[in-house]
Amino acid sequence: MDESSRPLDTLNASRNKTVLVELKNGLSYVGKLRAFDIHINVVLENAEEYHNGEVKRKLGTVFIRGDTITILSPA
Amino acid sequence: MDESSRPLDTLNASRNKTVLVELKNGLSYVGKLRAFDIHINVVLENAEEYHNGEVKRKLGTVFIRGDTITILSPA
Amino acid sequence: MDESSRPLDTLNASRNKTVLVELKNGLSYVGKLRAFDIHINVVLENAEEYHNGEVKRKLGTVFIRGDTITILSPA
Amino acid sequence: MDESSRPLDTLNASRNKTVLVELKNGLSYVGKLRAFDIHINVVLENAEEYHNGEVKRKLGTVFIRGDTITILSPA
Amino acid sequence: MDESSRPLDTLNASRNKTVLVELKNGLSYVGKLRAFDIHINVVLENAEEYHNGEVKRKLGTVFIRGDTITILSPA
Amino acid sequence: MDESSRPLDTLNASRNKTVLVELKNGLSYVGKLRAFDIHINVVLENAEEYHNGEVKRKLGTVFIRGDTITILSPA
Amino acid sequence: MDESSRPLDTLNASRNKTVLVELKNGLSYVGKLRAFDIHINVVLENAEEYHNGEVKRKLGTVFIRGDTITILSPA
């Protein structure tokens, strides 16, 4: 297996970079990926919350529970 | 890994500080983070419940079951 | 860690005291906390069921399955 | 801990007694508690199914899968 | 404990007998209980699918995934 | 126990035969059962997707995640 | 068992090939399968998001949490 053949390697490569995280409830968060674990719990810094493509709130640091996440993508 | 590279380190750094906790059912709680565990069960003190941005109730101490939480953010 | 730094310590401190338990389905129960376990299964005594702020039923002893609970708060 | 300090002790004390079991889908069952396990799977005998407070069916023996249960209460 | 004090003993006693299985999606199946496991995955033979009390389809052998089941009752 | 007394034995007996797989979201798939595992993840070949009894798409090989399945039946 | 008798063998055979991934929320993603794990967490590259058959966004690399997936099919 090469260096990125596991999904969590992709998360690791995004550490300290800006990512988009989308939730099952339709909300999205964009921020710097500070931390994650095997449950896909993630922590973003300088995070902004989006709803229907518009910024809804600035949240600073936000912990997102893994089981509520659908996708995560480098911005 | 530095000192905050795991999501639960972020929760630990928020202990005894005011945090916002949002649930899958649309309710939010703001209070002092007293305790948490690996399931993200949390206990807030001096907690207030919010719905649609307005205070709905003052609850004092509240135990929130982890699997109902979407995000947690330092206030 | 001090004596109440884990969420279940909070539940333990509420044992034999009156608590409010709210469920994902919108129903609430108020009663004396008789027992709980790590799944947050709880047993209340002298429990009353509330819906939209009004007492709906008196249930006496009630076992509540943990995965249906959102919050628990000392009354 | 006294003899009933765990939730499953409450279920055990209800064995062979009439109990009410309510499900996430809004249906209720009243019958004699024949058996249960740690998943809160339960078996009732002489069970009747209720919907909106009215008897809908007589089912005799019924196995109820634990993860569909919200509450269980001695009748 | 007597011979039927565990819920799966009840399922075992129904093996090769006709049972009713109801699902979270509102569909029901009636057939001969051929097999089950600890997840309550079940296999019925000569199964008929019911919706709102009417036969919808004859399915022959059907494997039903346990986590979709609400109740199971000997017919 | 005879040879087919476990649910996964039924799946094994259907290997390389045409089966119907129905999902919680109302979609159905008909194809040759190529593979399955204990989570009831399945792989069908020459699969067609059905919605409301009509073919919606031809998919060829399809991996179906087990926790989204309600029933599986030999065609 | 032959070489493809387990569902994850099918995923492995699709590595570095274009696949379609559909989610419980109705969104679909088409991209090159870069990585997957036993939870069916997957990573796609050059991914495009579809809704109702139309491209909604180009996402580049996307991590998809396994428990939100219904099906995965080689394109």
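By letter and in written order, the chains are A, B, C, D, E, F and G; residue numbering begins at 1 in each of them.
We adopt the following convention: a contact is a pair of C-beta atoms (placed from the backbone, for glycine too) under 8 Å apart; a residue touches a chain by one contact, two chains touch by 3 or more.
Just so we're clear, the structure is a prediction, and the values are computed from it rather than from any experiment.
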{"item": "Contact-graph separation of subunit B and subunit F, given in steps at minimum", "value": "3"}
{"item": "Centroid spacing, where centroids are CA-atom means, of subunit B and subunit D in whole angstrom", "value": "33"}
{"item": "Geometric centre distance via CA averages, subunit G-subunit C, whole Å", "value": "41"}
{"item": "Centre-to-centre distance between subunit C and subunit B (centres being mean Cα positions), rounded to whole Å", "value": "18"}
{"item": "Interface hub residues of subunit D, defined as touching at least two other chains", "value": "67"}
{"item": "Ring walk, subunit D to subunit E and onward", "value": "D, E, F, G, A, B, C"}
{"item": "Touching residues (chain side subunit G, partner subunit F) in the complex", "value": "4-11, 24, 40, 66-67, 69-74"}
{"item": "Subunit F-facing residues of subunit E, complex", "value": "15, 23, 25, 27, 29, 34-37, 41-43, 47, 59-65, 67-68"}
